[in-house]
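Next, two complexes with subunit A in common: one pairs it with subunit B, the other with subunit C.
Right, the complex of A and B next:
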């Protein structure tokens, strides 16, 4: 894991002190809300329906047990004993008091955490593959690159007031576990003739105008990457639509001028930027990479005993192959049947921290699907880990199944929402509670957003649900055929919307159609892509 | 009837104008009638409540019921955490919202 140097720590500490002063002035009435709002947003503090909400950054979703315990401590001390892990690999607290906020940030700073760049029109927290460093299929560990980008983007003076927010994801595997092409910039690290570099995709995003990022450059040498990204951002900063918030994202710019024109502009800018010498020297890269050196693996390659059937199901569903023999990647589901997707209590957060310390070389990851990963578990320890998880109600064996739903906070918490997301997720998960039924349906990614902003990734759901406001009544649109993985696609609306129970029924009907029509080992998404919408529509609207 | 609502500066909690101050209980909310805008501006000036706005509501036996579901959820709390709502474990709360 990366450890702050004195510069990092000084920057974070200074920020806390500055914000403490701003809060004091706001509470004293020396500032209006209009004056204070941009300041609090720069520190991750939103105002939601019921209270202030604090979004804490978890850079590329990686944290250690000490940081995880701090998250539990904050939830217990300053919030209502739980937190919400988000699709951007961060955590949100829903019940924060303004006067506590500086203390919280000060406590976070003691474990090298903060809430910077979790809001505003800057480069947001960098996201990455939750299996980074452990994935059997990665060409390199993406985390050193994600960390480099974090350092480059943090307080970048030119990119602190972009036309709109900017999200970057870095992966290094052919399998995309980070919805890479649905980011403003998606980087896929690859090797070409032995040299490391990146495929650069620019202009993806969800929101009201979902777009898949086109490839802007098939190979940017690692040595040029920062300069190239700087050029990408500069072109956006210059031409992005500041006049219209709905057209301000880079995806709209690239859509309007075309990928070719954008690529040319970036090339011109790059030729200039490259002369400025912003790419770090090799020694700096090596310094960063050293923080992510592989842990001291020492376990023999023993297969776990599968005699306990519940354990065996969990192994098959939630445990993934590791690049190191004798080890495995453990996915902890935050999707208990009927629970709130992504929520964890302080006690559960502590349990996960303890398990990481004891069994996963002190490391955890947050996934964009709102689950937690223990990236380095010895196979000999899997049974013990499962037991401990089960005792904490964290052993649901539903990874990537229909009940592993992504859901945004929706109208239960979010001030921008049109409809509630969580109750729909709860009803669907409960309808499909039977594990055999879920497993029979196989991989089925269901994602729910409470408004068109698409925080719940509904565009990328094999089944997506979007909450809308129909004359003051909650209504839900269904989309089919989206994917945030390497077979990326954007779902299509299937027809008129439903009420809450209606949408649950419609999802169930869709799964029946799939079961009747699937061939071989097709997933729901594959069958849908092969047969098209008609048979589904007929069954649902019939 | 018309209600004036906002979020408390310190806690962020939803608050309702009672006629001479703010309460977190919608039952206490007063009908501001035609005077909403004027109170709103005065209160904004006082800087104790964030982003106050005026909503429509219906008077009921249990007090005012905001017209829009969003404000009913604001009045009560998240529907998915009845342990955290202002009327804990009230089985009727769900109906009141929807």
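Right, the complex of A and C next:
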């Protein structure tokens, strides 16, 4: 894992001091709320329905046990004893007091953490593949690149007042576990003629106008990447729309001028920027990469004993193959039936930290599906890990099943919401509580947003649910056919909306149609793509 | 009114003209850029300009940051002034983009500005100022 040097530490320490100063000026009335807002947002501090919400960055979703324990400590000390892991691989605290904020940031800084640029119209926390470094199919570990980008984008003087927020994802596998093409910039690391570089996609996003990012450059060399990104962002900063907040994302600019025109403008800008000498030498990428060297694996390859049937189910569902023989990737589900997707108590966070320290070379990952990963578990330890997880109510064997729901905070917390998301997630999970039934349905990604901003990724759900306001009543629209993976697509609205119970019924009917029509080992998504909407519509509205 | 100026040469007395007026004919030495003006239009004339004023009608509109860098990258040496809705916490970023004078619409507390400029000893990325980026410090 990356470790701060004195420069990195000085940056976060200075940030704490700066924010303390800003809060003091705000409380003293030297700044209006309007002037304070962008500053607190750049420190991840939102004003929600009931309280301040603080979003802490977990760069590319990677953290160690010491950092994880700090997250538990903050939940225990400054919040209501729990935290919420988000689709952007961060953690949010929902009940924070303004006057505690600087202290929280100071505590975070002691473990090399911060809330820098977790909000605001700037380059946000860089996201990545939660299996990075462990995935059998990766070309390279994407995290050194993500760290390089984290440093480059931190306090970027030119790009801190962009037209709108800006999200970058980096992956290095053909299988996309990070919804890469639904980001403002998606980078897929590839090898060409022996050299590593990035395929660059620009202009994806969700929100009210979901778009899949087109490829803007098939290969940018490693030592040109920052110049190239700087060019991408400069074109956006200068020409992105600022007249209408809903049209301000880069996807709209690219949609309006066309990918070809954007590509040409970036090429011209890049030719100029490249002369400025802003690209670090490859030695810097190598310096960072050294921190991500593979751990000291044990050569033993001991298959776990599958006699305990509950354990075997969990193994099959939540444990994934590793690139190292004798090791496995463990997914910890934060989706207990009837629970709040992504929430974990301080005690659970501590348990996960302990397990990482003992069994996973001290590392954890946060996934965009709001789960946690132990990336390096020896197979012979899997049974012990499962036992400890079960004792902490963390052993739900539902990864990628219908109850592994992504849900945004919705009307329970969010001031922009039209409808509640959490109770719908709870009702659906409860309806499908039977594990055999869930497993029979197989991979089915269900995602819920409480309004059109799409924080819950509903556009990318095999089944998506969107909360809308229908004359003052909460109403839910269903979409089918979305995907955030390498077969990326945007879901389509299937017809008129439903009330809360109606939408649960409609989801159930859709699964029945799927069961009746599926061929071979087709997933729900595959069947839907093959047969189209009609049979589903008939069953649901018929 | 210019409240903060980080240069030692004489202040230009000439009032600045709009980009259109400047490009039309003028032999003015001071120009004012609005957010949607293309800073690159000035590149052929940088030698004879002593002041370029960049307007920030709203602090949230960050186009002026790119304008400033483009002008400095093209070799402009004269005064580069940020005028308008310029606030304490934007000044450090503006300095990095090459601004060296500030005419905020509403007056700023000089102590707060001094503190804001002193918070960070280093920067991660190269920009239009003389700060050596951290990656360069690391690799000598």
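As a convention for this text, the second predicted complex is superposed on the first by the 537 of 542 C-alpha atoms of A that agree within 3 Å, B and C clash if a C-alpha of one lies under 4 Å from a C-alpha of the other, contacts with A are read in each partner's own complex, and residues count from 1 in each chain.
Keep in mind that, in the parts below, contacts are C-beta pairs under 8 Å (C-beta built on N, C-alpha and C of every residue); 3 or more make two chains touch, one makes a residue touch a chain.
It should be emphasised that the depicted structure is a prediction, and the values quoted were computed from it without experimental measurement.
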First, second, both or neither for A:426, with subunit B first and subunit C second: first
Of subunit C and subunit B, partner touching more subunit A residues: C
Contacts of A:160 with subunit B and subunit C, given as first, second, both or neither: second
Which of subunit B and subunit C A:282 touches, first, second, both or neither: neither
First (subunit B), second (subunit C), both or neither touched by A:11: second
Subunit B versus subunit C as contact partner of A:152, first or second or both or neither: second
Partner chain in contact with A:271 - subunit B first, subunit C second, else both or neither: neither
Touching partner for A:32 - first (subunit B), second (subunit C), both, neither: first
Touching both subunit C and subunit B, counted on subunit A across the two superposed complexes: none
In the complex with subunit A, residue positions of subunit B that touch it: 7, 9-14, 44, 46-48, 50-51, 67-70, 73-74, 77-81, 84
Subunit A to subunit B touching residues, read off their complex: 26-27, 29, 31-33, 47-52, 80, 95-99, 340, 411-413, 417, 420, 422-423, 426, 472-474
Interface residues, subunit A side, partner subunit C - complex: 5, 7-8, 10-11, 14-15, 17-18, 21-22, 25, 30, 35, 38-39, 121, 151-152, 154-163, 226, 234, 237-238, 242, 272, 276-278, 280-281, 283-284, 287
Touch list for subunit C against partner subunit A, complex: 35, 59-63, 65-67, 69, 73, 87-90, 92-94, 96-97, 109, 112, 115-116, 119-127, 133-139
